[in-house]
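What follows is a short report on a single structure.
Order of writing sets the chain letters: A, B, C and D. Residues in each chain are counted from 1.
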Amino acid sequence: MNRVSIQAEDFDPAVELAALEASGGGGVASFTGIVRGEGGLVALELEHYPAMTMAQVERIVAEASDRWPLLGVRVIHRFGRLEPGERIVFVGTASRHRTAALEACAFLIDWLKSRAPFWKKEHFADRTEWVEARVEDDAKAESWKR
Amino acid sequence: MNRVSIQAEDFDPAVELAALEASGGGGVASFTGIVRGEGGLVALELEHYPAMTMAQVERIVAEASDRWPLLGVRVIHRFGRLEPGERIVFVGTASRHRTAALEACAFLIDWLKSRAPFWKKEHFADRTEWVEARVEDDAKAESWKR
Amino acid sequence: MADLTLVYFAWVREAIGRDEERVERPAADATVATLIAALAARGGGYAEAFARPDRLRAALDQHFVPMDSPIGDAKELAIFPPVTGG
Amino acid sequence: MADLTLVYFAWVREAIGRDEERVERPAADATVATLIAALAARGGGYAEAFARPDRLRAALDQHFVPMDSPIGDAKELAIFPPVTGG
């Protein structure tokens, strides 16, 4: 019931939620990341490491399934050029228990931030800039360590 | 941008997510509760305290908005007779920051469990049974106290 | 002074056999707990519903209150089991 | 023994001006860090990309590794800034 997609195309959270709702659990949690259009951002460009990305995200999903009793996990991460308001990432989890679904969802998005081989470049009208990793993101991911 | 509905009718999480995605934040978190069909459950009957429910849930939402920088909150709680697989509750949050969206979503569902005036009765083929409040649910809600 | 409206939910309602009733306003120093004890003394469904006060919760005018709260001039007292929403 | 493929991402790739190249396999005791130092010594974009090793991360055969990891018989070494996905 676990599925990972790394894709350029947009996705439909409704379709993903419906599949998770049908997995027989009592709770479905989701997180959708959206490109913020702040500071005059024109577009975000996401580069990734194709040979590594899928395997790495699947490892993160397996770790989540190991730690929480999940009935389904769905991760979608986009790459390429994305404009403000566009979806970047989706994490959905289904479990018999709400806490498991919510915690696993938070864990997955924290780990994607600091362990999935993606890099973001911001395009403004007059310049481009690589997004710097945030120390807090790394700390967040570390905080899940057992 | 905060909206609460207490209703008998089903709802469409896709519509709710779309509205939250449009709120300008970088992250949208959601939790959907579903009736589990375990132990031969035929239906769940949800009773509530109409004069109190809306005001109480709005207080909980206001508390969440006070504690996290949220751009939008959506809570839907159903009452009446619900069959296995049907949605009971939806909590959606939008924020600039993923952690705020996820934490507020977890806070809201924990508080709905132990502070919203709803009571669940389980209908089986041969008997009915009022669901007992779980000590863990109360502990979960208490754990958010500042 | 106006009467007090009592409202019941879940198995409290079922044991008593009604969802609402009006009672004479209790004495000025009455608390939720003393009123519940007085109701339990009616016997029958009341005795059954209120046999274990630790399993009950209350709201005065739609706000949760502890059992030792004075009823004061509240208009509505709700008595019910711990909630199970969400 | 086969060559080693180097792959670069984000500003490392941009500074060097290519996303992939093959190099002669380094000595048996070489680590990621010693190879990066050797590459930096080429000057130009390499010196620029590898000026601050603390800002770099690496993966050997698609697994994150610390900078002091021996390269061993890995086929691919990726060098990149800290990731910013999610």
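Definition applied: a residue touches a chain if its C-beta (ideal position, glycine included) is under 8 Å from a C-beta of that chain, and two chains touch if they have at least 3 such contacts.
Bear in mind the structure is a predicted one, so any value in this text is a computation, not a measurement.
S.K.: Chain by chain, through touching neighbours only, how many steps does the shortest route from chain B to chain C take?
M.R.: 1
S.K.: Touching chain A and chain D alike: which chains?
M.R.: Of all the chains present, none is in contact with both chain A and chain D.
S.K.: Quick one: report the Å distance separating chain A from chain C, using the average Cα coordinate of each chain.
M.R.: 49
S.K.: Let me have the rounded angstrom distance from the C-alpha centre of chain C over to the C-alpha centre of chain D, please.
M.R.: That gives a centre separation of 72 Å.
S.K.: As a quick test, compute the distance in whole Å between the mean CA positions of chain A and chain B.
M.R.: Chain centres of chain A and chain B, defined by C-alpha means, are spaced 23 Å apart.
S.K.: Using the touch definition from the top, which residues of chain C touch two or more other chains?
M.R.: Correct list: 86.
S.K.: Find every residue in chain B that makes contact with two or more other chains and list them.
M.R.: Each of 33, 98, 109, 113 in chain B touches at least two other chains.
S.K.: What are all the touching pairs of chains?
M.R.: Those chain pairs satisfying the definition are A-B, A-D, B-C.
S.K.: In their shared complex, at which residues does chain B touch chain C?
M.R.: Result: residues 33, 46-49, 51-52, 55-56, 77, 88-89, 109-110, 112-121, 130-133, 137-138 of chain B touch chain C.
S.K.: In the complex of these two chains, what residues of chain A are touching chain B?
M.R.: Spelled out, the residues of chain A in touch with chain B are 12-14, 17, 21-22, 24-37, 85, 87, 96, 98-99, 101-103, 105-106, 109, 113, 140.
S.K.: Under the definition above, what is the set of chain C residues touching chain B in their complex?
M.R.: Listed in rising order, the residues of chain C that touch chain B are 7, 9-11, 59, 62, 64, 76, 78, 80-86.
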